[in-house]
Amino acid sequence: MRLDLSPRARRSAVLSALSPVIAFAGAVLVGGIAVALLGVAPGAAFTTYFVIPLSEVWSLQEVALKAAPLALVATGLAFCFRASLWNIGAEGQFVVGGLAGGWIGVATQGAEGFTAWILPTMLAAGTLAGLAYAMIPALLKVRLGVSEILTSLMLVYVAELLLDYMARGPLRDPAGFNFPQSVPFDPAARLPYLMEGDTLHAGVLIALAAVIVATLVLARTLFGFEVRVVGAAPRAARFAGFSDARLTLAVFAISGAAAGLAGICEVAGKIGQLQPTISPGYGFTAIIVAFLGRLSPPGILVAAGVIALTTIGGESAQIDLKLPLDLTRAFQGLLLAFVLGADVLARYRVRLVPGGPRRTA
Amino acid sequence: MLGVSTLGTSTTMRTITGAILAALLLAPAARADDKLKVGFVYVGPVADYGYSYQHDLSRKALEAAMPGKVETMFLESVPEADSERSIEKLARSGAKLIFTTSFGFMEPTLKVAKKFPTVKFEHATGYKRSANVSTYSARFYEGRYVCGKIAGTLSKSGTVGYIASFPIPEVVSGINAFMLGAQSVNPNVKLKIVWVNTWFDPGKEAEAAKALLAQGADILTQHTDSAAPLQEAEKAGKLAFGQSSDQFRFAPKAQLTSITDDWDGYVIGEAKAVLDGSWKSHDTWGGIKDGMVVLAPFTNMPDNVKAMAEETKAGIASGKVHPFAGPVTKQDGTVAVKAGEDAPDPMILGMNWYVKGIDDKLPQ
Amino acid sequence: MTLDIVQMVLVTVLTAATPLILAAIGELVAERSGVLNLGTEGMMVLGAAAGFAVATETGSTLAGALGGAGAGLALSGLFAILTVGLAANQVASGLALTILGLGLSGLVGTGYVGMKRDPAPHLHLAGLSDLPLVGDLLFGQDAFVYVAVALVLGVWWFLGRSRAGLVLRAIGDDHTATHALGLPVRKVRVLAVLFGGACAGLAGAYLSLAYTPFWSPGMTAGRGWIALALVVFASWRPLRVAAGALLFGGATVLQLHAQAAGLGLPGQALSALPYVATILALVLLSLGRRQGGSLAPAALGREFTPHR
């Protein structure tokens, strides 16, 4: 038996929509068996996981809140990945963005008078810092041919240690008994809340706006065309006179800026101060989100929502059903694997052909 | 249009069935209102055999101590940067008493506490309280003073290795207390300190232990969570102190004692206070006396050293011995605590300087 | 006395580098065949849990090592089905594998919390192991270390000197052309991925059976990611993987020694040293050679589907 895949001329629209559903069903089936083996009713687990988080206003806000940074970072990464450039270091750019913007929040704490400039400046500083940090691997790649996979990944650790140092050292709260966190920001340095209950903040709107802008840029501008062509047909792009170096710098700038903006939104929105860690791994998770969303901004938005939902559903499962967190992780991994595998249906005609490997000679 | 409306109806039907199903499945949980629900938020996995594991033991002890009266739930490996939702989730799940067990949960705890004024919160190792937020912590430095005395007596090379995690006051006061204890029996003792910048990375802790052993330390102590340094000491035929939980089984020939946290009494006491309505916001900083800091049995040492350790422990419990009894001199030579006085609690809580005799430069 | 310290440092560097070498050499083979598997950390962490579990149940360190390798192999089998069989995106599949592996390792390991084992036995050759400076370093290590060295040499020979290795490299450089020549592209890639998985699982088992012989959640602490970076660092060359791992392990160990000696720099700066050193080393290597295109296997990370 041999699996034969032949590419479809165009993605099948029906199967494109259907394949994630099939994957979801498959993952839920396997997950259900695992849950039953642990002695929990699969139906209850399903409800706890997927229904309850979507049934309360509060948890819906939490899903949006968790999805926003993922969507924002992943949207930026989509530009890189479409151009076949591997920025693995969005986590570092996220951290540096949060640190740079947060620094302004710390420095302006207690400022009197006109304070409306503070928040926009923080957002700009975070964005620029993320952009600048992404320029290190980009420039090393363009000038010296150093692999961006290695440099961007290594710089994640450097960024994390830098934030750790700043939060424990120079930026810590002088009145905080030498504990490792900065002063809480003033309200002028915080993103405003959108709804009662102080959960959903304006960072969600920023992420949404970025997704829309990215959709338009990719679909309607020459630059977007360039990115798409380079990804799809690098040789054609070179004939068309597109510059590799310029494009490399541009997509790294975009992804770094998006990650930096997400970082400062997290700091100025949810956290409200600087502390030794500000990200539960958004920069890495966003890589998966980008691919789950098939590198298209609207798809990324959906993918980010799904990842956020399973995380929050996993917490419900820990509380209500005493299911271990590791089961949630394993299920997340399995779901991703199924979704990625099922995508083959949309892209290829799949046939099982009897007989051994075919030789063409 | 028939098809569309049929589809619509079936979707609605499914939603309704789903809701009924959900209600049925959740009914038992909703009826258990008479029990006090207690929630725990851990920063690490409960399987870490260290800090979070130890806290989870107390959760189980609480269930065992008050059967039928309490119901517990927990969330593990909650990232400090993303903890607000987890804490609020427990409050929304009906928890009336919530333990948030890491310093980084401080601001989120306060924020959620504001939203849920009838829920009582207990935040470990922080310093901010409110009407429904208490704080609690353990005087780990008391245990470290005892360890320091043991190490100062037993070290043949006169050099002791210290594996430290992060330069926060709790760790720094532990180093100082250890050094003061060691100096009290051997004024020339040397302390070599390695900062590993992690609470838990067995590999890196082992590497740090090897580095310290190679540089002449013959006793190791650690303020990180894994048993790796103990195992390295055992392998090298040297001695070491455990941390967080009794790690004797990892190093039966090396462990001298282990500083462990025991939150059982505190957790049970707070739950009782909530049940009988006497709970009030307060700050608890318990030590050896309160049974919150427990030293594992003294092993691998001569009887006279054991006796000295027991005596020191008893002295701290009775208040006769204070690890930071004056005179205490800082590294730079200035006097921190005058002779005849004891260091006040706020000084210990915010300690960011080394005592005299430590060669290391404190990372600032 | 000082000779002893030098040897102790060298031994620490070697053992710190061993898990990185094991995981990286496997990943190198997979990448040379054109498949980028970012799931090393997941396979490693599962290997650590499964290795410890098997060793505890059977009482045999060897069985544990095989169990760890087997767990890594099984997980990489899933990856092979996804990426080679179903032509799924390799970057995303690898990250999914990492998450899955972390979750599974917790489920496997949860029954073994707080248990310990004796470390894997070390070689001892009378006379040789007691030689000054090099005795313990060369003749006093456990089997994992020697296996790692053997794997590096074996892979070096296989890729550079054997016909099968040539085929594997050719497939990694151009799957379309090699397929047209009738070479079994998918079969070779599956085997390469499985080899990578087994090596990563073995690297994890080394941590839980030899390096720090107990199991704890997330005990790989990011070493799988470092192994991935080392493959790139080494420009996909086996001997340079070993050199890179020793450089990285050396920087880690030396910064700890520097602290123990009382250097007085911020711990964070010293902890960042291995990462910065790796980047700098790569930059210097790049400066040394003329810019001549990428050294990566040309088909790395690209999907392949055999069709007319």
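Read from first to last, the chains carry the letters A, B and C; within each, the first residue is number 1.
We adopt the following convention: a residue touches a chain if its C-beta (ideal position, glycine included) is under 8 Å from a C-beta of that chain, and two chains touch if they have at least 3 such contacts.
Remember, it's a predicted structure, so these values are computed and weren't measured experimentally.
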{"item": "Farthest chain (mean CA position) relative to subunit A", "value": "B"}
{"item": "Chain pair, most C-beta pairs within the contact cut-off", "value": "A-C"}
{"item": "Length of the line joining the C-alpha centres of subunit A and subunit C, rounded to whole Å", "value": "27"}
{"item": "Interchain centroid distance [CA atoms averaged], subunit B/subunit C, Å", "value": "34"}
{"item": "Mean-CA-position distance for subunit B and subunit A (Å)", "value": "33"}
{"item": "Touching two or more other chains - residue numbers and ranges from subunit C", "value": "106, 110, 217, 266, 268, 271"}
{"item": "Multi-partner residues of subunit B (at least 2 other chains)", "value": "45, 167, 197, 363-364"}
{"item": "Residues of subunit A touching at least two other chains", "value": "161, 164, 168-169, 324-325"}
{"item": "Subunit B-facing residues of subunit A, complex", "value": "41, 43-44, 47, 51-52, 55-56, 58, 62, 65-66, 161, 164, 168-169, 176-181, 184, 197-198, 266, 270-273, 275-281, 312, 315-316, 318-320, 322, 324-325"}
{"item": "Sites on subunit A touched by subunit C in the complex", "value": "3-7, 81, 84, 86, 140, 144-147, 149-151, 153-155, 157-158, 161-162, 164-165, 168-169, 284, 287-288, 290-292, 324-334, 336-337, 340-341, 343-344, 347-348, 357-361"}
{"item": "In the complex, subunit B residues that touch subunit C", "value": "45, 47-49, 53, 161, 167, 192-198, 200-208, 210-215, 217, 226-228, 231, 235, 245, 249-250, 359-361, 363-364"}
{"item": "Residues of subunit C touching subunit A in the complex", "value": "42, 78, 81-82, 85-89, 91-93, 95-107, 110, 179-182, 184, 186-187, 217, 222, 225, 228-229, 232-233, 266, 268-269, 271-272, 275-276, 278-279, 282-283, 286-287, 291, 293-294, 296, 301, 305-308"}
{"item": "Residues of subunit B touching subunit A in the complex", "value": "18, 21-22, 25-26, 29, 39, 45, 73-77, 79-82, 84-86, 88-90, 92-93, 103-104, 106-107, 111, 115, 126-127, 166-169, 197, 346, 349-352, 363-364"}
